[in-house]
Amino acid sequence: MIRYNNDYNHGAHPEILKVLVEDNDNAYGGYGKDEWCEKASAIIKDVVGDENANIHFMVAGTQTNFIVLSAMLRHPFNSVISVDSGHIVVHESGAVENTGHKVETVPGVEGKLNAAQVEDMMENCNNSPTYEHITHPKAVYISYPTEFGTIYSLKELEDLRKVCDKYGLYLYIDGARLGYGLAASNCDLTIKDIHRLSDAYYIGGTKCGNFMGEAVVIKSEELNEDFRNYMKMNGALLAKGWLIGLQYAVQFRNGLYFDITEAAVRKADKIQEAFEEAGFELFIKGTTNQLFYVLPKKVMDKLAKDFIFEFNHWVDENHGLVRFCTSWATTEEEADALIKAVRSL
Amino acid sequence: MIRYNNDYNHGAHPEILKVLVEDNDNAYGGYGKDEWCEKASAIIKDVVGDENANIHFMVAGTQTNFIVLSAMLRHPFNSVISVDSGHIVVHESGAVENTGHKVETVPGVEGKLNAAQVEDMMENCNNSPTYEHITHPKAVYISYPTEFGTIYSLKELEDLRKVCDKYGLYLYIDGARLGYGLAASNCDLTIKDIHRLSDAYYIGGTKCGNFMGEAVVIKSEELNEDFRNYMKMNGALLAKGWLIGLQYAVQFRNGLYFDITEAAVRKADKIQEAFEEAGFELFIKGTTNQLFYVLPKKVMDKLAKDFIFEFNHWVDENHGLVRFCTSWATTEEEADALIKAVRSL
Amino acid sequence: MIRYNNDYNHGAHPEILKVLVEDNDNAYGGYGKDEWCEKASAIIKDVVGDENANIHFMVAGTQTNFIVLSAMLRHPFNSVISVDSGHIVVHESGAVENTGHKVETVPGVEGKLNAAQVEDMMENCNNSPTYEHITHPKAVYISYPTEFGTIYSLKELEDLRKVCDKYGLYLYIDGARLGYGLAASNCDLTIKDIHRLSDAYYIGGTKCGNFMGEAVVIKSEELNEDFRNYMKMNGALLAKGWLIGLQYAVQFRNGLYFDITEAAVRKADKIQEAFEEAGFELFIKGTTNQLFYVLPKKVMDKLAKDFIFEFNHWVDENHGLVRFCTSWATTEEEADALIKAVRSL
Amino acid sequence: MIRYNNDYNHGAHPEILKVLVEDNDNAYGGYGKDEWCEKASAIIKDVVGDENANIHFMVAGTQTNFIVLSAMLRHPFNSVISVDSGHIVVHESGAVENTGHKVETVPGVEGKLNAAQVEDMMENCNNSPTYEHITHPKAVYISYPTEFGTIYSLKELEDLRKVCDKYGLYLYIDGARLGYGLAASNCDLTIKDIHRLSDAYYIGGTKCGNFMGEAVVIKSEELNEDFRNYMKMNGALLAKGWLIGLQYAVQFRNGLYFDITEAAVRKADKIQEAFEEAGFELFIKGTTNQLFYVLPKKVMDKLAKDFIFEFNHWVDENHGLVRFCTSWATTEEEADALIKAVRSL
């Protein structure tokens, strides 16, 4: 069986594992104050083009989202704006609300939020006759790419930045799959744009070749104040923090991170072509490593003999929404096997 | 100027004030352990027909909502289901989220939630492949009447009770305007039905003739456990609790509560007739003391000369959504004045 | 039976009640935006000598404490320093912790905190090798007078102000019994000093002649930002806010507040003299309206025939710690009765 | 330089690393639903002698503490009892309070809590005249071994169990260093006793040979309800959960965990002997892998040339409190070097 169900079903990229093994006899300072975290920070600062950036190494994505947002939301009644399909809305068991803050949702279009929606919400809030009876948004949450594998254009991101500036909102980008988003064929921006246009974001590791770990980048000193306390208090300050620093140092010293996520997206592109040739259009026009299809039950059964893919829900009696996901670990052989199977549908 | 903007712009019913004055030289035990609270509890238990009911006297509505819900939601990831126009969703500045819990919303129809919506949400939750990544609803929030002045029929409430029983959900009824709801011309239930079909509810005082205060009724002993601690911890345990007990004792000993809210609704009925005759249909078909209309700007200006009413928002350039609200304090003269003004539009 | 158990066992001062009755037919805007709250704010600003002060009318004391502190504590890991006998530590059911913040305690001396204790705690925190593993104090909580009826001298308050300035801490004063404190025979400061030396405090109403209500005074605009949202979200924004504004307007327009609390303290002074003559020393040397004694069981039984006083705990088999409390409502006759009874012990 | 500063300065035991490398090409299900977690659970259940136990694999210790405690504390005003030197009190940046709960502290004796202290606190709570103004303890927190390296005897633990049963309290044991505690020369209990006498505890991995990870054991089904949601909501549900399961499977399949922690404690015993011979008594009579000494500055300087140890604070001008910590990674050579250095002081 070949796994296409998600992008976190394999351990770590062999290059990372190799360095981990070689380094195992060394000893380090605790809680992220060590040579590896320093080195990884320096490399990432260089890659994103900002030596004043603040880098923190978290363990996991949900943890990262609720911690950064709780640092952004000054008052308990400050809320964060998100599309209704946002990861923080539907996949994190109410983690943001557990920190005491409301997520104000708007309907997403292909999983994306647009500047006009933010503008509307802020105008309604600021002009409300019951200003003290409502929440006050203070941050905007988006993910790049979105839950549906779509990406924001440079123009769309710039518009979001403008509207955030206009209303004093932080812009936070969930980059759990950042590498896959930047490798999309229609991507017209770079990680430096992500850095320039947001206030904080994370460079996802777990889904992009690490054993685990997410690198949060925080731009302003104000937002970064005592951020390590946020981490500690929420159980995100790993005693052996160097284990995550090491992985990022390996990923970014020679561009490994970008190479392996790009390779995964190219495989997804080819799989998508095969599906298209076989007469199946993407359910949502994503361009990254996630492919969503509505497939007839018969097709699902056929593919399920050799491939594990994610079942989402039944669209009607005979059709299910499913997801095929390539990853850094997907081999050429695995891609070819799926393409062949799709062509022979 | 005559105030129709809300039902909390006057002090207390004269009968309440009279007893308060007569009683001012007496001394009582603190924090709701006093003769007035005992007496009021006994009367309310009698009125709702359950001598095992637990009655607590709170100060205000938002306070009551978030405290009762936080007592109902055992786990931090337990959520409460509400329509998207629910008071807890749009008018309480994120108070429920501030207790750490998510409000899961569904679209309301005339402000109401129906059993099928609850069933759908619970089926989706229970069958979710990502059960631990979502919130688990544990309570249903409705208000009687709703934000739009509509009411649930006995059948609708019974259906909600059934679906709550099926899925182990508490049913909580926000009764800020309970008196006005029970007085609606199309109401086919009594306060005993409210009691029988819910797990907890409150009998609104602030908007129904009290200076302030809301009487929470909790049925089960389990839910009532240490409820006074919830009150204390959240600042709802009034040192001079007897002040609220006294108001409820006066309101319920001879049916004052029901009489004065019914009188207010009869006035609203007549005002509605006048609007209808003048060619204005209710925006939402409420039958209680709140009347929502979309009025031309010119009409708004005309009425605004003598009446204060609540402006909601501009529907288009020339039409605004407004609310006229009668209350226990609305006099016959005030009602006649508005009726006359509407007829001469 | 004459009640000396606390200072909140009677309704409101007759002068307040009179205005309330006269005013009952008038209508007002909701949620504290009304003429009475405006008037009361203006008078209070005048009394405390700062026209830029921000005044908010809360319902109750615990509510006031946790709301102001949660506004002061920017980060979830910010804590507040208090003596271990502080009201927020032992009498509020964990209300501050319920907002997510730790109360860092130090041992009180006669219920008081001193500047050296604050200095020590801050030095330990700032020099801690595990800075991100501890909480960071951001506010100091004291009450004036303390739980034991003792008061801070002007010098002690000035020292606390200095240490707060040195370490960037807010100084918050719980003034539930502020009137009684300012009336103490050894008091060497005024309400203007309280205002000058703190960042926020409240002028207690519930225990000082109101039906209910506490007036919070917040000095800085920064701390005052969106404070009404804190109130709403926590159920402290009373729909009929003018009811509290009215009480404060009456209390402060002619100094009623200061007169009635002073009278109560003078009665306490005389009662204390009587106890002293009878051979009983105060357990803690308070000088306000609260008198704490360790009494033999026999004496307790004797006094309990005619007086209700608060039992605290058994010190040994034959001695209990008890509290006698005068209030604005204590009459001359009641005071004489107790003095007579004590003298005849 | 040889590191004795803590027990988390090295990666993982080579046997764990070996399996991790061999397994890196395999793919697994996400979020702890995989073969490794199943296998590790089965082995641990066997080791603790309870096939009905529930095992969850967390990432880190602070995370584990606040999550388990928040699951134990049903009501927001429920508190947990701990000694004032407890890890949750002084080393977790207010993590428990951040979940809304107060930690009620009592003075520890050599870092330990005793049953009489719990009994006192519960009697005070249950008999309090202000029952609703205080917190209600619902759990007891201890660590085995304590922060000072001391351990509870079987009798002491049984007494704590009894008092917990008497008052309906959960007993939670923080086992960050459980292996080192069970290896103490004066230990008179086994992991089966830990299991039998507590309601939940964790078997520490990070400090005992893992890269990271803590295995929580929860006994009752009631407490275990939806525990995975607690994990997800708090960011503790690792996407690649098998990485932790694998480490525990290796640690427990042949007793590696017990062997390597025992070896570390034996080295600490010898180092302690050397210090004793050199005239230095332990500051606190611990018997595990942590040795606390008050050393003259001159001695500290001498040892600091070759060894890294933890400095705690200055006891007086010339003496500092320091900690030497052995670990599973401490080699015989490293132990000999320190012993030699101590002997030549």
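For the reader, a short list of remarks on this structure follows.
We call the chains A, B, C and D, going by the order they appear; numbering starts again at 1 in every chain.
The criterion applied here is as follows: a contact is a pair of C-beta atoms (placed from the backbone, for glycine too) under 8 Å apart; a residue touches a chain by one contact, two chains touch by 3 or more.
The structure presented is a predicted model; accordingly, all values stated were derived computationally and were not measured.
Looking at which positions face the partner, subunit C and subunit D present mostly the same ones, since more than half of the interface numbers are shared. Between A-B and B-C, more C-beta contact pairs join the chains of B-C. In terms of the distance between Cα centroids, subunit B is separated most widely from D. Here the spacing of subunit B and subunit C, counted between their Cα centres, is 34 Å.
Look at where the CA atoms of subunit A average out and do the same for subunit B: the two points lie 42 Å apart.
Under the contact definition stated at the top, the residues of subunit A that touch 2 or more other chains are 76-77, 92-94, 98-100, 132-133, 229, 232-233, 237.
Touching subunit C in their complex are the following residues of subunit D: 76-77, 79, 90-94, 97-102, 129-130, 132-135, 311. Subunit B makes touch with subunit C in their complex at residues 3, 6, 8-12, 14, 17, 20-21, 23-30, 59-64, 66-67, 92-95, 98, 206-207, 211-212, 229, 232-240, 243, 329. Listing the residues of subunit A that touch subunit C in their complex gives 31, 70-71, 74-77, 99-100, 131-133, 136, 225-226, 228-233, 237.
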